[in-house]
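The chains carry the letters A, B, C, D, E, F, G, H, I and J, assigned in the order they are written, with residues numbered from 1 in each.
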Amino acid sequence: MSENEASRELLETFENPYPHRDYVMETVCPEFTSVCPKTGQPDFGTLMIAYIPDKVCFELKSLKMYLQSYRNVGAFYEDVTNRILDDLVAATDPRWMELRAEFTPRGGISSTVTVSHHKED
Amino acid sequence: MSENEASRELLETFENPYPHRDYVMETVCPEFTSVCPKTGQPDFGTLMIAYIPDKVCFELKSLKMYLQSYRNVGAFYEDVTNRILDDLVAATDPRWMELRAEFTPRGGISSTVTVSHHKED
Amino acid sequence: MSENEASRELLETFENPYPHRDYVMETVCPEFTSVCPKTGQPDFGTLMIAYIPDKVCFELKSLKMYLQSYRNVGAFYEDVTNRILDDLVAATDPRWMELRAEFTPRGGISSTVTVSHHKED
Amino acid sequence: MSENEASRELLETFENPYPHRDYVMETVCPEFTSVCPKTGQPDFGTLMIAYIPDKVCFELKSLKMYLQSYRNVGAFYEDVTNRILDDLVAATDPRWMELRAEFTPRGGISSTVTVSHHKED
Amino acid sequence: MSENEASRELLETFENPYPHRDYVMETVCPEFTSVCPKTGQPDFGTLMIAYIPDKVCFELKSLKMYLQSYRNVGAFYEDVTNRILDDLVAATDPRWMELRAEFTPRGGISSTVTVSHHKED
Amino acid sequence: MSENEASRELLETFENPYPHRDYVMETVCPEFTSVCPKTGQPDFGTLMIAYIPDKVCFELKSLKMYLQSYRNVGAFYEDVTNRILDDLVAATDPRWMELRAEFTPRGGISSTVTVSHHKED
Amino acid sequence: MSENEASRELLETFENPYPHRDYVMETVCPEFTSVCPKTGQPDFGTLMIAYIPDKVCFELKSLKMYLQSYRNVGAFYEDVTNRILDDLVAATDPRWMELRAEFTPRGGISSTVTVSHHKED
Amino acid sequence: MSENEASRELLETFENPYPHRDYVMETVCPEFTSVCPKTGQPDFGTLMIAYIPDKVCFELKSLKMYLQSYRNVGAFYEDVTNRILDDLVAATDPRWMELRAEFTPRGGISSTVTVSHHKED
Amino acid sequence: MSENEASRELLETFENPYPHRDYVMETVCPEFTSVCPKTGQPDFGTLMIAYIPDKVCFELKSLKMYLQSYRNVGAFYEDVTNRILDDLVAATDPRWMELRAEFTPRGGISSTVTVSHHKED
Amino acid sequence: MSENEASRELLETFENPYPHRDYVMETVCPEFTSVCPKTGQPDFGTLMIAYIPDKVCFELKSLKMYLQSYRNVGAFYEDVTNRILDDLVAATDPRWMELRAEFTPRGGISSTVTVSHHKED
């Protein structure tokens, strides 16, 4: 893995224990950090993931390792948020998933990106 | 009861005093604790139960005893939340019920599971 | 009035000054107290009343006296909340009314009951 | 103007700078005070006004003077809130307006009145 | 540029990295200041921008420079908020955009203006 | 016991398990209620007790029963607070004790009484 | 009483029920209002009074009436705060008294005045 | 270890990296639980430990295991708090240590015990 | 006045109405803004002034005008805070004065400068 | 610089503009991150620095770069906090300095280290 690539393959899953019921799992990760591709300065943010699992759930420790793999990756806010959603969807194929990323202020301005995915019937 | 089994039979009910009216009873239990089946470490969480009772209501003291019976039970977040909903539905057969379980952070990541049940007409 | 009966007749009303307009009056009463019928211990709670008056509004001082008449009455949460709604509806015949009663924790568990009434056309 | 009459004529307006677009102006006035008509004691409250202006907007300083003219006026909560809405609607003829008045506690009970107006097409 | 004109041309954009997906970018700018055209006194406010980008996103540093160009501009609340929305829409042609401007209290009264834009199909 | 007398004899104590060490026990009782001797209206308050036990500690359940015995007693704020301190000191003879009683607002005015006792050497 | 004079004689006292003990009575009055002598505009503030009574305590309802007598009095912040302390000291001759007056913002600036009195031995 | 004995020997230490300087280490453990010796019901609390280490510091993971060993131990508030301080002092012999244990409400009453230790010169 | 000089002469004073008593006047100004001398970017902050006046008090409107004169002045945090204290001391010669300036974050780092002055006897 | 060494030489200073006066500069850095030397997992914390500068002040941008150099350094809480204080003292030789480092929870336990330095006369 190069410095500029996070590791989608770190994500592990386990079988959904209640696949016959739609339920929502929310996960809050307040310790996300990556690097601004323009200035090389670190960015900090809180990721909030909500999803309705289908056949599998993501395993929390592997999620943590996956998110840590962004520590030295350079990525814009809009880009990194969409990319993480893509990876989580690829790993778990959920019925529905939303990712909200709140980044800490830069230059007196704070930003939040919200992306979501609905499984096609 | 083995160490790995909570006690559904602890749940007691009483007759709904206003069955002709749909109303919502919400109960917050901030002192839920069980055990992680992988590491053997205790988990802590807050359970929020909301329901529209039909013929019976659950009795609060028996709810407390029932939830305390998870103290030494090993169960994953997704599993234990769905299991408690199943037990509460079996005991009270409500018109509607929702259970929201907020677990305290592990490895910098906090999780919440929300499950609900609608009575079929 | 026996010790176990609150006084519906304490509720007074006055003519709605703007009956041609639907508007919402909300009232918060954080000092409600009654007695647990099982243990004889006092219960404490906050009542939140919202309604759209029709021909009459309830008078606030009489509402206070009415609620104080529960001070030594024994009643379960589900019961007392529905009973107060019934009394308020009987006194004011509102277009819509909702009563939300938040009770303070007992045994680490807190409870809220929400009941509502819609006038039939 | 007698002591019991607030001054609707104090309200001034200016031309809406963007009449072709529906937008919402919200104004919060935490320093409203009038007098209880029954006891002669002062009442205190916070007024929250939201509206979609049509041809004109109200001028903020004149709104302040208008609200101050209630300082020695006696009026019940339900009455004063509806009356202020009527005056603001008369002055600005808005597409939509809502007024929410939160009064400070009296006898341990606090009250909020919410009234709104929709322009007929 | 005269003292009374902010600089729309300061706004820079970059290509939307995920144009095939509707997602929301929110930006909070708590350090907005302009000048009251009547009194010459400074006004302070917080701008909250939310939008679904189409082909381009605005660049955050250029947004900051653009907003700073209002520092010595005189403008009423209703006017300045609509004008900034117009400029942001002109620069990014978004699928949807909302701007909420909360201004600090003047004379004990605080104001908020909310404007939005939907792209026509 | 007459209606106007609370029951000091309800207070029970147990032997201080660590009498050789000065340590502070704080207890918060947010559900205190008594009656205004002038108006007959109920008063509500929160009692905060802090003390350094000497030979004995008060038992919490008996403290609760003792405080509940004020439910129908008429007493002024300054009076009832000093009286409770006297009773707690008589029952436990502590090295130091402080009682802070915060009463809820009446007529828009809230009151707090703080009394303390130091054991003479 | 002229419009510019508040009424010290409104303050009533009662005998201190525990004069042999130093204890602190705190009173919070969030509904104080007077008039700016320069602009004629109303000022709003919260008064916090703390004192150790000696022979007498002030009566709360009379305190309220006394503070209401400032409703149409013109007085600067520094002046009115010192004047109220003088009146309260004259009425109760306390062992110690502190008055803290927090006024709401004017021109974006908020002010607090704190004055105190110690009885000479 | 019997059910009624926590395990002091679980506490591990490491060499203080800066023994020549007095500095304060604070640790907050919001997930403490033990059992009421009278009722057999679980108690919950938050422990706050502050100390100036001398030759050794306690290791955080071992602290966690030590505190978890109270999970099924019966102990009164005053007792358990003093006992934990004794164990931590025995393990680390600190220059100064304070332990504050806040327990969640029981019967509407919450309790906090604060104990401290100063090394004799 | 050049662009780099704020205007000390804007500060006006009035005679202290209670010079025989030491009392504290606190003033909070949340709308301070100046310019970073290095980058030319605006800085924002909240100033908190507390003082015991001697012969004169500063007039609040003139304080506001004085602080607004920093709007286009370039100055470092440490410098501007000390300079404002010097000006306020020169204008009022107080018995004691403290100035606390909290600046909003820059680059994820926020700063506060606290300076004070005691009159020599 | 090896991976295990932060860069003290990154710290830059500038001349104290008011060396004749003792004043306090406080700086809060909520985005500190380093690596646990045992597990290789990232740690997160907030650093709060307060000091009375003597001849020089540290420059804020260089402080940020210096703290960022810990991003991939492995260090225990007690160690890293003392080390940063040593570096800041070496760079600025202040009259007084305090560093408080609050680390986010691990295993349900959060930690704070506070170290300080006083210049010898």
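Note that in this section contacts are C-beta pairs under 8 Å (C-beta built on N, C-alpha and C of every residue); 3 or more make two chains touch, one makes a residue touch a chain.
Given the structure is predicted, the values throughout are model-derived calculations rather than measurements.
Visitor: What's the minimum number of touch steps needed to get from chain A to chain D?
Guide: 2
Visitor: Keeping to the contact definition above, tell me which chains border both chain C and chain H.
Guide: Output, common partners of chain C and chain H: B, F.
Visitor: Matching C-H on over half of contact pairs, by residue number: which of D-F, A-E or C-D?
Guide: D-F
Visitor: Based on mean C-alpha positions, I'd like to know which chain lies farthest from chain E.
Guide: F
Visitor: Could you check if the interface between copies chain D and chain F is built from the same residues on both sides, meaning over half shared, or from different ones?
Guide: Same, since most residue numbers here occur in both copies.
Visitor: With chain centres taken as the means of their Cα atoms, state the distance from chain B to chain C in Å.
Guide: The separation of the two C-alpha centroids amounts to 29 Å.
Visitor: Could you tell me the distance, in whole angstrom, between the mean C-alpha positions of chain E and chain G?
Guide: 46
Visitor: Specify, in ascending order, the residues of chain E that touch 2 or more different other chains.
Guide: In chain E, 30-31, 41, 44, 104, 106-108 touch at least two other chains.
Visitor: State which pairs of chains touch, listing all of them.
Guide: The set of touching chain pairs is A-B, A-E, A-I, A-J, B-C, B-H, B-J, C-D, C-F, C-H, D-E, D-F, D-G, E-G, E-I, F-G, F-H, G-I, H-J, I-J.
Visitor: Which of the residues in chain H come into contact with chain F in the complex?
Guide: 76-79, 81-82, 106-116
Visitor: Of all residues in chain J, which touch chain I in the complex?
Guide: By the definition above, chain J touches chain I via 16-18, 21, 23-31, 53, 57, 60-61, 63-64.
Visitor: Please give the residue numbers of chain E that touch chain G in the complex, ascending.
Guide: Residues in contact with chain G: 41, 44, 104-108.
Visitor: Which part of chain J faces chain A closely enough to touch in the complex?
Guide: Those in contact with chain A are residues 30-31, 33, 41-42, 44, 68, 71, 104.
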